[in-house]
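Here the chain labels run A, B, C and D in written order, and each chain numbers its own residues starting at 1.
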Amino acid sequence: MAAAQFVVTLSCPDRPGIVAAVSGHLAAQGNNILEAQQFDDTDTGRFFMRIVFEALAADATLAGLQAAFTPIAERFDMQWQLRDRSERRRVLLLVSKFDHCLADVLYRWRTGELSMDIAGIVANHPRETYRHLDLDAIPFHYLPADRNHKAAQEALLWQVIEQSQCDLVVLARYMQVLSDELTTKLAGRCINIHHSFLPGFKGARPYHQAHRRGVKLIGATTHFVTAELDEGPIIEQDIERVTHRDTAEDMIRIGRDIERRVLARTLRHYLDDRILLNGSKTVVFTS
Amino acid sequence: MAAAQFVVTLSCPDRPGIVAAVSGHLAAQGNNILEAQQFDDTDTGRFFMRIVFEALAADATLAGLQAAFTPIAERFDMQWQLRDRSERRRVLLLVSKFDHCLADVLYRWRTGELSMDIAGIVANHPRETYRHLDLDAIPFHYLPADRNHKAAQEALLWQVIEQSQCDLVVLARYMQVLSDELTTKLAGRCINIHHSFLPGFKGARPYHQAHRRGVKLIGATTHFVTAELDEGPIIEQDIERVTHRDTAEDMIRIGRDIERRVLARTLRHYLDDRILLNGSKTVVFTS
Amino acid sequence: MAAAQFVVTLSCPDRPGIVAAVSGHLAAQGNNILEAQQFDDTDTGRFFMRIVFEALAADATLAGLQAAFTPIAERFDMQWQLRDRSERRRVLLLVSKFDHCLADVLYRWRTGELSMDIAGIVANHPRETYRHLDLDAIPFHYLPADRNHKAAQEALLWQVIEQSQCDLVVLARYMQVLSDELTTKLAGRCINIHHSFLPGFKGARPYHQAHRRGVKLIGATTHFVTAELDEGPIIEQDIERVTHRDTAEDMIRIGRDIERRVLARTLRHYLDDRILLNGSKTVVFTS
Amino acid sequence: MAAAQFVVTLSCPDRPGIVAAVSGHLAAQGNNILEAQQFDDTDTGRFFMRIVFEALAADATLAGLQAAFTPIAERFDMQWQLRDRSERRRVLLLVSKFDHCLADVLYRWRTGELSMDIAGIVANHPRETYRHLDLDAIPFHYLPADRNHKAAQEALLWQVIEQSQCDLVVLARYMQVLSDELTTKLAGRCINIHHSFLPGFKGARPYHQAHRRGVKLIGATTHFVTAELDEGPIIEQDIERVTHRDTAEDMIRIGRDIERRVLARTLRHYLDDRILLNGSKTVVFTS
């Protein structure tokens, strides 16, 4: 039987000896380090690390490992997390009638490419809208957009979020701006896929903005959701080439492909504990 | 002996029969069409075309072809140009101390990749700054930047432009903002390479802006210079991936590669008469 | 009401006057040219053209346009086709248990991105294998792979092809090598998506071959199917970056994304009459 | 004053405790780890690591650090290297008349982008061939290619290599096949830039091969030189899109850009000790 694998991610003020302390501790506890990445942000003096290890001791438990790590974390004033890699994250998907991201995430989830549990789907449109997708037994919540009762709708949304016990909320082309209050409550665990190459074309109808400006590349961006619209820490971006022949509608079509692959990569990185917040930016430990 | 080749580029209000009229006329004059591209801008109702042809008649001259084409052009109310492809364009290069674009353009010019005459180099720094580049017999104009005498300096610059009889002025990382007056005089024949993926990060120090924002891709953009800073019609763009590890200085280094290839492509397209202005946008007839 | 649109594609020995003859003829018949692309293969002396036009005459019919074009086609010894753009092509999809291309094509077909009729699905696996996909009323043919009765199976396949009245057969990860006899019968109307960057890694298990060789980019290729395995005319290719960390299984996963976008682009080009055969190569008139 | 930086690269049979032993040792000696990357090749059971550290002890010397590391290295049966990052590598450049890679490397060396000493240039053509490049005081060795006296020429080349005391030999479009004997002597310290996307189009005139095959992407590859032509461990690759319009000559032109950026990246990685040999493959620790 393969040994259980764990992942620790941490950030703390940089100073000599962190790597040695962490790796020495893990080894002393009978663990074998499989992957390790680190980053010093010399602008801010903050240190970031991600370590994947296997616990060779037969009696290793998550709680035990966490307890043993705590003194190290306190010594270096770390923000940290130590997880069992076999524990699947719960992800809640929020969608509007544009379902290309939803369809793509479902497909990748079914093939095992995205190793997670889908905690539910929240949609502005009734289930019938997605009749060509196999939503299976995934809890489906129909929350029609209603400009006049936005607060009430958000209260319902918050209820779904809490009841779903989700780790992450994904605005998979949700097309609703969340209130400051809700974004604050979801800080660090809500990501959005924006259909432009930020910081260009913030706000509504970015492909129409891009078409009007005559750009030669269009893009998409995932970012953590913050109170300031489309200004949260950027996680991943990608682009495709367009020409003068491409109408705004062509860009919307081309953009669907960009959006879904940017979101898919973001989810993979998230599920693999590769994304760390660094103030208004992110550290993404790709391989 | 190969027949002489010509290229006609035109734009006019769209209406049926333009293609047939133009190609019929060219054929009737004993020419053979080698390449043809067209574009209808359905937003504005304007039609764009580029045709490369060889004149099979032994006595064909540029003046004769132009004279023969004039009635067609008038009939359709065309903005047009008919050029001899063997006639080399004259290009004036404006540079600051960042000489990567200059070095690259010189190399491509020497290999024959950029088929043009270099009408001169205008630099804010003395010739000695570029001592590792072989500037050969290219006229070199040292115009030190001087904030207090900007108008006088621009007068000198205009004199160089006029005397050089250049077709195109290239701001190859010139780092000076031209006055409204000068940009107006140079309308349609002055291009700039901007070191960001416009419309993101306009203005100064774009790589520092990009670093601060934490984007995952950086880019460069060529555009026609207009009075509004970094808002002119975009010609070409490209990007490269960066990570949280890349400092602003790394981005500057990576950006050099992007800038030089975006500028090189732009010049190739320009020299091949592939770039047409379309209001605040461009039509670029790549193959 | 918008005028009916037609597209003519042709190839013939190159000689002066083809463009003028074709565009003059179309104009004389009261048509308006919307798009035109041409290419002279100077290696072989063959000329290729694609013209999209709208028929302004109220009584224009496909048959009438074809009849009127025939003398021109004969004069220049053309291989040609003149189609009504509103007539949807019939496409037959052949799949194995790897259904990522199938799922992607179905999604794009439903959104209208691929404007075609799906004439049927032929699968080596029973319908249950694809239970998460909405196959709707698309005719489904289960043809289990059987090494011992390959000829009999191909006879059944041919029957399905004929009865489906399909214009195009797509091996969407079919994983069966067709016989010389069948490839000959399907010449020019059968395309395959191969999971490597051809000509590297022909044949079986290309991602394993790529992993063994230690390449830093992997790719996928669509090509017309010919008797010689993986040697048919290439239509489209794309790649993604991999690293030493990527196992053969990672490459298979990454490759799924490449394969589906290469196939999708190929189908769009095909449905838009942009792909012309040129001996062992293709001419692809992208915009 | 900034502390001196060192880099250790190593590979050894994988077993638990390597990371902890190495990082613990470095910390115990008063060093601070700045970067660390590791890789387990699960196919071969071999472990690879690269660590950048600064020596905080005032009296730290390279020799001292190496001596202190030796017991660790022996304990784990490591192949290893420990270098002072401020010590510049000596690189010998071999070129033919195609000088685009040479020109590019020289430019990047002058800007400081490639932090190395150029130990010399060996050319098949006389110095006059490169008159537009500023070769400065770099030792220049003219070794005309001579099929009839290949052995004698290689003896001269070997003499230059030895006298130049170079760490790395770069075939920067050298266009000569080295003998088995010489490749054996240069094992692991000679790299070639091949002008194709290997393993496609090995051997001579790859762009002509690519044109004949009708591929839609062309590429370039750097690899360690081994006795088997174009079969050595691949270090880096890149591609660009081509179309049916691109002649073999166009591909040669486009290829120049690919070749020079692939070679530049390879050199940066090499100079930063990021490339480790792994049998017939490479481990490249990019950030």
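Side notes on the structure shown:
Please note the rule applied: a residue touches a chain if its C-beta (ideal position, glycine included) is under 8 Å from a C-beta of that chain, and two chains touch if they have at least 3 such contacts.
Bear in mind the structure is a predicted one, so any value in this text is a computation, not a measurement.
The chain with its C-alpha centre at the largest distance from the centre of chain D is C.
If you compare A-D with C-D, the chain pair joined by more contacting C-beta pairs is C-D.
A rotation of 180° superposes the C-alpha trace of chain B on that of chain D, rounded to the nearest 5.
The interface of B-C is repeated, with over half of its contact pairs matching by residue number, by A-D among A-B, B-D or A-D. Measuring from the averaged C-alpha position of chain A to that of chain D gives a distance of 37 Å. Inter-chain spacing, taken between the CA centroids of chain C and chain D, is 41 Å.
With touch defined as above, residues shared between interfaces to two or more other chains in chain B number as follows: 243, 245.
Taken as a contact graph, with one node per protein chain and an edge wherever two chains touch, the assembly is complete, since every chain touches every other chain. Those residues of chain C whose C-beta lies close enough to touch chain A in the complex are 100, 103, 107, 110-111, 113, 131-134, 136, 243, 245-246, 253, 256-257, 261, 264, 287.
Residues 16-17, 19-21, 23-24, 26-28, 31-38, 40, 56 of chain C are the ones that touch chain B when the two sit in their complex. Across the complex, chain A is touched by residues 39, 41-42, 197-201, 213-217, 219, 233-239, 243-245, 247, 278, 280-284, 286 of chain B.
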